[in-house]
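Please find the structures below.
Shared chain: chain A. Partners: chain B in the first complex, chain C in the second.
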Partner chain A sequence: MKRKFFLLLPALLVLICLLAPVLAPWDPNKADPTIKFAKMSASHWLGTDYLGRDIFSRVLWGGRRTMGYAALVTAASAVFGTCLGMLSGFTGGVFDSVVMKGSDILRSFPGIVLVLIVVSVRGVGIGSVCLAMLLVRWIWYARMARNLTRAEMGRTAILASRLSGSSWLKILRRHIFISILPEMLPVLSLDFGGALLAISGYSFLGLGILPPDAEWGMMINDGRNYMEHPGMMLWPGLCVVFIVISVNLLGDRLRDKLEVRRS
Partner chain B sequence: MIRYLLKQMLGLVPLLFLVSAAAFFLIRLLPVDPATAYLNSINAPVTEESLQLVKEELGLEDPVPVQYVKWLGQVLQGDLGNSYQTKRPVTEELKTDLKYTGILALAALVWVLALSTVFGILSAERANSFWDRLIRGFTFVGAAIPKFWLGFLLVYLFSLKWGVLPVQGATSLSCLVLPSFTLACSYIATYTKLLRNSILEMKNQPFVTYARIRGFTRRQAVWRHVIPNALLPVLTALGLHIGGMLSGAVIVENVFSWPGLGRMCVSAVAARNYPMIQGYILLMAVIFVAANLISDMACAALNPRIRLGGNK
Partner chain C sequence: MREAQGNTLLEVKNISKTYQSRKRQPVYALREVGFSLQEGRCLGVVGESGCGKSTLCRVIAGIEKPDVGEILYQGEPADHRKIRSSLQMVFQNSMDAVNIHLKAGKILAEPLENFTSLNRNQREQEVERLLELVGLSAEDKAKYPRQFSGGQLQRICIARALAAEPKLLLLDEPLSSLDVSVQAQLLNLLSDLKKELHLTCLLVSHDLEAVYYLADKLLVMYGGAAVEEIEDIRDICALTHPYTRRLLEAGELETESGEAGQKDEGILTEEKREYLAASFREGCVYAGHCPRAERKCFLERPGLVEREAGHRIACHFG
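On to the complex of A and B.
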């Protein structure tokens, strides 16, 4: 029961953020200099920031953006990485060793360097940051999918499918993908947390989402000059920590379940 | 051993090559042409004549591969051009910044090694006790907390509320405490968890039982056999996390106004200071490769199975 609660609450937060256009009581970008740094009140639930913007509305809109882009990057890198990894494991040979060697070198390369390269060429913006993140994030999926595929290839079911004339695409889709999918899910959950931290970090540095649009990392950066009003920094930060802890817990639980099923 | 090292090095050379090519083409891929960018950066008027002059001076008339080889030659001699912002040579700027980032990273490493071994061993030795629960709680929160937020939280508590540590700057040793801990925190969490699991796993290995049969006490068996073995995965992970730590340092340096490489490169991006960005990218790649080699060597020295390549 306690555990269910821990998953229900973040799900609720995600839902509220998704519904920000409907639920947010104020326009997140509407500045009102007469009510700068307002305290928590009935009209401004979490108070207002240094321009008099409603923090609650900004947290909702910011969450929508931060989590949306994190989900986008995670999904895109998972799809690309899994496809490449499965192909690499399925075909083997030179292609496989090139992919593995390349990913081995790149897998721990500092992401910030790629972000800087892309941002210098394309200019600052969330598109550049997402692109640069994609360039390294697929690697973990590719490596995992490849190793799992190699393990699957030895099964009699694959051989039987081959003998009965299935095309390679069908074998990959119907047999290999289905059996490796449950193994990939915990990674997906943990990786989402990592992507969320990275996106908010880059926006914090001013490389990602640009003002005046709200984003959790950027809201924290806004608050740095007004430390005597900790509310500006507190709420978006709490949201990030809360969501990341939740997806990490979810990933761990999925992994435990998998372990039980396997044994 | 030397053969193993050479093999590892060969794998990393293409990476250096790729990064240097990326740094070189960076300037060629810009929306504005390099000659105009250069003129703008030195506040010179952009005319037909001056453009022609700059093109000749920068060697932009040569075919691109020739330019790349020439540029690489200059880089290898330590000439990366001048910073647009300060007009000083990029190499000198990088040297000063590197010193500060190095200090920060080393201090963070001390935190990581000291705290994660203590926490990990304590947590595994007293599994499911109060301390274990507390430490496990910390590992969950520590891994999820964004560095920039943790940094401000610490500044708020230690500097503004209690006034024990300075807010920012790099003038005394006490300035180092908060930034290095902020950088270290998520790694402390990761390694504590890793060490705890690896000790608990090791404890049931036959060699521990054998040590007990030979007459070692439980404590001796743990210290002599379990912990050295359990530290191996931590070392391997440390090698894998170097890249992440370099990225993390950028954020921490910006939070605490630490005058290191990370703060420099973000301001360079904002000012479109391309020689500095190029220099930063190249330097990061070199540090990354060197650090990977060192961690490979440390693992190989500690674990003959890797060195001899015989555990497959």
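On to the complex of A and C.
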């Protein structure tokens, strides 16, 4: 029961953030200098920021953006990396070594350097940040999918499937993908947390989402200048920490389940 | 000779297969192995772990290509893409031979999807029929592999092989990872199925008793080579090759299940591999362990020659 609760709460937060357009009581970008730094009240549940914008509405909209882009990057890198990794492990040989060497080289770039390069080419913006993140994030999936695929290929089940007349595509789909999926899920969950932190971090640095749009990392950065009004930093900060811890816990639980199933 | 007049279904001609060991030494898994198998008969293949029995099955099934040699199926060079469904194989370790994430029904449906034009409902019925054919119940199709015992899962593997309606069934130690009592049940099942479906079989086993029960003829392998062959397994006592004599006296070959890994290590040390490599070029494969080995044995390799009708042996003195 307690464990379910641990998943229910973050799920609820995700849900209300997704429903921000419906649920947010105020326009998140509407400034009203007459009420700046308002305290928590019935109309502004979490108060207002230095421009008099409703913090609650901005937290919801910010979450929608932060988590949305994190999910997008994670999903895209997972799909691309897994497909490439499976193909690489499956074909082996030259293709495999090229993919693995290429990913090694890309992996040796620190993420921030890639972001700076992409930003200097394409300009500041969330698109550049996502692109730079995609460039390296697929590697993790590709390596894992590749190694799991190689292990799976050694099983007699694959020979049996060939004898049953299945095409390579069918073997990849029906046997290899299904077998490696449970091993990939914890990674997916952990990686989502990482992507979320990165998006917030780059926006915090002013490289990602641009003002006036709300984003958790950027809201924290805004709050830094007004330490005497901790609400501006507190709420988005709590949300980031809460979501990251939750997905990490989820990842660990998925991993534990996997261990149990293996033994 | 029993039923020897049947048509020759499978002819294996001098196939050799060499692997590379981790230290880049050649491993001669098969050396010029040849035999023929008539329709409806069952060939038993015995030999210690690592002597190339599984490789022989894989090559015949077309999962692996021999380096040299030829496989004739119904008198023609086997094109495995065309005869895929006619040659099916049952593997030693049933747990490794199925996808543990799929239900039994789905496992059995795979060959049906590929080899037949049955629709979903018909496949469902066929799956149930197959389950009952191998002594399981139709409801078992909803179970996952982990919910079956080893014997039951091996029955499912047999059913999967039969789903393709094969003519030739290759059984690669189908019993060796099972309890003795379960072995007996499966042996009975195989014997019934063989009669009922007019199967031609190749049974690999380390258990001479099992082979004697199911097989009509016998091939003894050592170090990748066929060392002795008899057409009628009832003449088993007439076998004279020194290695076969050792097997017969021991009653049973070294078991392969369970401690297979260790056994492999023990039997195929690097030294032994080198020795095997050397003897491939020169002497008899068994010379290193043969109590009757003489100088000639190390210099000259005996071919498999007919000693009497229906009895071939590869030994200078046997």
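By definition in this document, the second predicted complex is superposed on the first by the 260 of 263 C-alpha atoms of A that agree within 3 Å, B and C clash if a C-alpha of one lies under 4 Å from a C-alpha of the other, contacts with A are read in each partner's own complex, and residues count from 1 in each chain.
Heads up, the rule we're going with is that contacts are C-beta pairs under 8 Å (C-beta built on N, C-alpha and C of every residue); 3 or more make two chains touch, one makes a residue touch a chain.
Values in this document were obtained by computation on a predicted structure and should not be read as measured data.
K.L.:
In the superposed model on chain A, is it clash or fit for chain B and chain C?
P.N.:
fit
K.L.:
On the A-aligned overlay, A:L197 touches which partner chain: chain B = first, chain C = second, or both, or neither?
P.N.:
A:L197 sits against chain B, while chain C stays out of touch.
K.L.:
Could you tell me if A:V240 is touching chain B, chain C, both of them or neither one (first, second, both, neither)?
P.N.:
first
K.L.:
Have a look at where A:R155 lands relative to chain B and chain C in the superposition and call it first, second, both or neither.
P.N.:
In the superposed model, A:R155 contacts chain C only, not chain B.
K.L.:
Tell me the contact category for A:H175 with respect to chain B and chain C: first, second, both or neither.
P.N.:
A:H175 contacts chain C only, not chain B.
K.L.:
Specify the angle subtended at the CA centre of chain A by the CA centres of chain B and chain C, expressed in degrees to the nearest 10.
P.N.:
Computed from the C-alpha centres, it is 100 degrees.
K.L.:
Looking at chain A, does chain C or chain B touch more of its residues?
P.N.:
B
K.L.:
If we overlay the two complexes on their shared chain A, which of chain B and chain C does A:S166 touch? Say first, second, both or neither.
P.N.:
In the superposed model, A:S166 contacts chain C only, not chain B.
K.L.:
Which value, in Å, gives the least CA distance between chain B and chain C in the superposed three-chain arrangement?
P.N.:
10
K.L.:
Would you mind listing the overlap between the chain B footprint and the chain C footprint on chain A?
P.N.:
In chain A, no position sits in both the chain B and chain C interfaces.
K.L.:
Under the stated contact criterion, what part of chain B meets chain A in this complex?
P.N.:
Per the stated touch rule, the residues are 11-12, 14-15, 19, 22-23, 26, 29-31, 140-141, 143-149, 152-153, 155-156, 160, 239-244, 246-247, 250-251, 254-255, 262, 265-266, 269-270, 272, 274, 277, 280-281, 284-285, 288, 292.
K.L.:
Quick one: in the complex, what on chain A touches chain B?
P.N.:
That would be residues 101, 104-113, 116-117, 119-121, 123-124, 193, 197, 200-201, 204-207, 217, 220-221, 223-224, 227-228, 230, 233, 237, 240-241, 244-245, 248-249 of chain A.
K.L.:
Okay, in this complex, where on chain C does chain A touch?
P.N.:
Counting only chain C, the residues touching chain A are 58, 61, 63, 84-85, 87-89, 91, 93, 96-102, 110-111, 114-115, 157, 160-161, 163-164.
K.L.:
Which residues of chain A touch chain C in their complex?
P.N.:
Result: residues 155-157, 159-166, 174-175, 178-179, 182 of chain A touch chain C.
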